[in-house]
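In the two complexes below, chain A is the common chain; its partner is chain B in one and chain C in the other.
Entry: the complex of A and B
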């Protein structure tokens, strides 16, 4: 385990280091002068220069980068030009909303993904298999935001069962907050589930032809026991990889889902930051998105090894 | 390919005749590769996906003929529900949503047809670079790993930040998103093919690295890459719609499927039917590619 981490960490640090350079340079390649934007269009040249100096933009790119990276390591994420507040404060304010959304969405994603996959992989009748296949094919073709829009129409406009716009945080009022959270999380989870289901189904169908399944059948295991105990258990590893790969996507998808359901999370923050060219905010959020993706990838590998004794992390 | 020309006896007098008739036959009937691909369109999934795609492409191509008024023609009733004259209803300016959806489909297809081939070609080339230089190959893979770390929409946001929203940034965002997909696939094929005996044999015969790459490895890598390309089109459609829906894609009044959803979202209370038409077309488009990729995967990929 330690050996595995020691082997993995350099390459992760390399990815993060490269990302930090990209995240730093990208916003600066954008046209327009942020100092001018902050100062307003009728500011004098001296005022713009003063603001530029205050923002540290008069220094060379390399010094700016080192300043930023140094602050990053110390936990000082810098100030947002537009909001005139520390970036860390802005992110903490919005993080709860996005984390709640991502957590509930991943519950939906895992339950629906494995459920649909088992339905397809364990189905013995041809009709059941065709139904599971068709549902899956349809769901794969439907992105999260379309599921979201359809859920809004169904539960917000036609039946008016659940709130579809805005949010109440769970820590404030769990019951009402949950109502606000339900549809966006379902949309996000439902859209990511079929990828997991598809993989699990394929693996289960392949596993059914293995010798040890024949052996179990010969020993008189019931079809139910065969499916759950023998086939499903050995096939779960593949779906864990699929789930881990989708955690990063979960946060990417949250950007759009938050826009549709008018939730004020990190996704909305990054869209606003891009629109207002708020350098420091954008670069920190890009770093955060990549960091989450990389960490979930690492966790996936650890969980996978814990589940399957054939995989040794030392290798 | 099952025909092995090298084993054919060359001393038989009628060889010349045999070869020419064979060549004539080859001209008439599609060769083995084309046949394998055509077989995909004889499976149920391939038939359904192919028909939907052909209909959608025909509709998009013929849009200026069927709807010569263009996508910006305003009518009387705004936000009307679907009726006989306006099958998908009308938008906030009284424009026919069906017309706008078809022109939006045109926009989506124009993005896909440029972005996906660029991504496939560049990604594959980057992935196969390892055949020429070991160092370049592994360096490229590290770069692709970095791109892979960016969730799809975040990458799009970065591009929009630099060059502003629009057709070009969508094409670039989609093309870059696909690079790791095709680059890693090509690399996997490369590593697999390099182990094969025929590559070792070619190398032992003194065939150059470049020739081995072009004559042996590339042709054997094409199948999984094409299947992946069909899968990736679905992702490309989602990227376009996703960026447009948060206002960072195609800018109104020009329609794209995502832009229509972006505007329709604001009128979801007054006119829930607004987004249903564009949604339907979006789902049909991505489903057709998803079905075709399944069919290709089942028939073309050699196990």
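Entry: the complex of A and C
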């Protein structure tokens, strides 16, 4: 496995280098800049120019890029133009919130996705398959923010069982923090689970007809053993890839869920950074998002190889 | 050995039992929030006020009088004077002021015994430093242009200073109203919000950018100490989330709430709605672009717009004022007879368009991409279609809009939004992009300059006439004109008392308390 990971390093570095150029240029293509954001809408040209010079934004783009890239390589993520604080500090302040949300949402996504997929893919119960299909269809059709708002209404307004606004970090108070985390994580997980469920169900139904399943059945394997030991294990490969891809989507979905539930995670940070044209913050967050996607893909390949002996990482 | 079915069932029941016991032993977060919103039966000292606001704080822009700082700046930082309801300056950090007969020299006497939050006593050097900060373009102070007209500021003693003006400066109290007094040694801490030092009844403890801030009572305050222990400010960008925060008891006070959400709470006796400061929704045109190079066409569109409909459908009648003027009714010399200079008259609009040869003209309306602005733009577009123009909308997101407004390039027709900030018309002439030199209408005639100068140099007796003349000219030329003024509304729970606001809508929490 180490050999496999080592072989991946050059391509990862290439991806990150290309991303750095895109991350640098993309925010600068939009009108406005951090100086404008700090000056405000009623500022004069003179005021904006003075702030721009103080921020060093009057240097050439090439010089700005090199300054930033050099710092990035040395581990210095730069200073936020708007907040005048280290970008690393701003990200670390918010990271716990997003990590908590992403992890619990992943658990919901995996448990619900695989659970619904097995329910629909097991050949035994037609009723279960109909229920699974209906639930999947409903969840696919309803966007995450609608799910979030419905959860707020049910659990926060009608029944008042769980808080619907704000957050308490798990490290500060696990019990209270978990209650704040439940609904947003469930909203996010529910939005992503049906894709996995549908994929798993389809793969399992296809696998049911394979020769090795017939052989196992002929040898007297119980329906439960057939489903879990033979069909499910063989069918999980595609779902694991889907889970890996959706892990990256979690962070995109987190932006909307964080806004609805008034959580202050990285999703809200990047929205604020884009709105205020806080270039360095946007650049680093884009790089981080790409890095997370790359790492989750690598992990997916490793898990896949572990589950399916036909797959060798070195291949 | 494989578990029997019975053992499996028992294990499941045991696991559920443990989970239930654990959860029942946990404290409920909802109950905690409910306890926060339950209040004792009478006003009591102490407690924490929870504020929610839609935009992030901007301590680095404290001189720029941003709305984002409205939740905390006037409770932490103080100014030399503050306007009362009649726009008469009242002493705060300055206790006395004397203006020379020629209006070119002012002597200020400062309050003694005022301490900054770092323990040092405030002196005239701090006042001089703060005014110079306002004058520095890098701090983007909206009243900084007033300070730039000073020829000198001399510190005569720790509590006395003399300001020399280059010309009579009738709006100097606008500068005093909106310039917080800060200590020089602590100014660097404002840049990243790590150390905000003022003289107010609350000290600024901490700020997590984009998330929250915390203030605590300053016990060495020169005046009556605040009743509250703390103020917590939460940044909640989503309007639905802010409404949920108020309804769930997480927030006691909500700033910058959407008008439709304010309306939904207004009928509920558990909440109070307080009107604060005004903003203007003007409609401007470029006099360099046809058909608006002709005055008849400019006047036509002013007659074409149904202002009452905008007030009712977009802002709510309680949160708006139908007026053609940039001035608030409280300003001295307010020309009330000009308030509705342009009544809604589509037939007159059509006649004027015919006179201008502008019937069927294609007009692009550039609008700021905020919800209320786009709603106003839709009504304006509909009204202009009715009188025979062919309008299209160009909605610009705020950053793009700001960049174009600074350059004075908003196209043929545009719908900005200006905070009026509780200042004098003389200040608004140079502060508002729609009225100042380099405005996006590209309107700058000798007569306009003359009337502006007349207002700036008018004596007390001449002021009302000068304001009337200038106002009438601006309305007649119609290069810009207000459609409606909106009044910012703050929602508080019914148990919040004593909260007040400055003329620019900043929260004053010194007398605030929580009761039932």
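Of note:
What we mean here is this: the second predicted complex is superposed on the first by the 289 of 315 C-alpha atoms of A that agree within 3 Å, B and C clash if a C-alpha of one lies under 4 Å from a C-alpha of the other, contacts with A are read in each partner's own complex, and residues count from 1 in each chain.
In this section, a residue touches a chain if its C-beta (ideal position, glycine included) is under 8 Å from a C-beta of that chain, and two chains touch if they have at least 3 such contacts.
Predicted model, so just to flag it, every value in this text is computed and none were measured.
Once the two complexes are laid over each other on the shared chain, residue contacts for A:149 go to chain B and to chain C alike. Contacts of A:5 after superposition: neither chain B nor chain C is touched. Once the two complexes are laid over each other on the shared chain, residue contacts for A:277 go to chain B and to chain C alike. Legend: residue contacts after superposition of the two complexes on their common chain; A:157 is shown touching both chain B and chain C.
By the touch criterion stated above, A:103 is placed in contact with neither chain B nor chain C.
Look at A:66: by the touch rule set out above, it reaches neither chain B nor chain C. In the superposed pair of complexes, A:36 makes contact with chain C only, with no contact to chain B.
When the two complexes are overlaid on their common chain A, residue A:259 makes contact with chain B and with chain C alike. With both structures placed on the common chain, the touch criterion links A:128 to neither chain B nor chain C.
Put simply, chain A uses residues 30-31, 149, 152, 156-157, 259-260, 271, 275, 277 to touch chain B in one complex and chain C in the other.
Against chain A, the residues of chain B that register as touching in their complex are 45, 142-143, 145-146, 149-154, 157-158, 160-162, 164, 234, 237-238, 241-242, 245-248, 261, 265, 268-269, 272, 275-276, 279, 282-283, 286-287, 290-291, 294.
Across the interface of their complex, chain C is touched by residues 30-33, 36-51, 54, 80, 82-85, 90, 93-94, 149, 152, 156-157, 160-166, 168, 175-176, 179-180, 259-262, 264, 268-269, 271-272, 275-277 of chain A.
On the chain C side of its complex with chain A, the touching residues are 26-30, 32-33, 56, 58, 60-61, 64, 66, 136-138, 140, 142, 144, 191-194, 208-212, 234-238, 240-242, 244-245, 247-248, 250, 398-407, 417-419, 431-433, 436, 438. Those residues of chain A whose C-beta lies close enough to touch chain B in the complex are 11, 14-15, 18-19, 22, 26-27, 29-31, 137-138, 140-143, 145-146, 149-150, 152-153, 156-158, 248-249, 251-253, 255-256, 259-260, 270-271, 274-275, 277, 282, 286, 289-290, 293-294.
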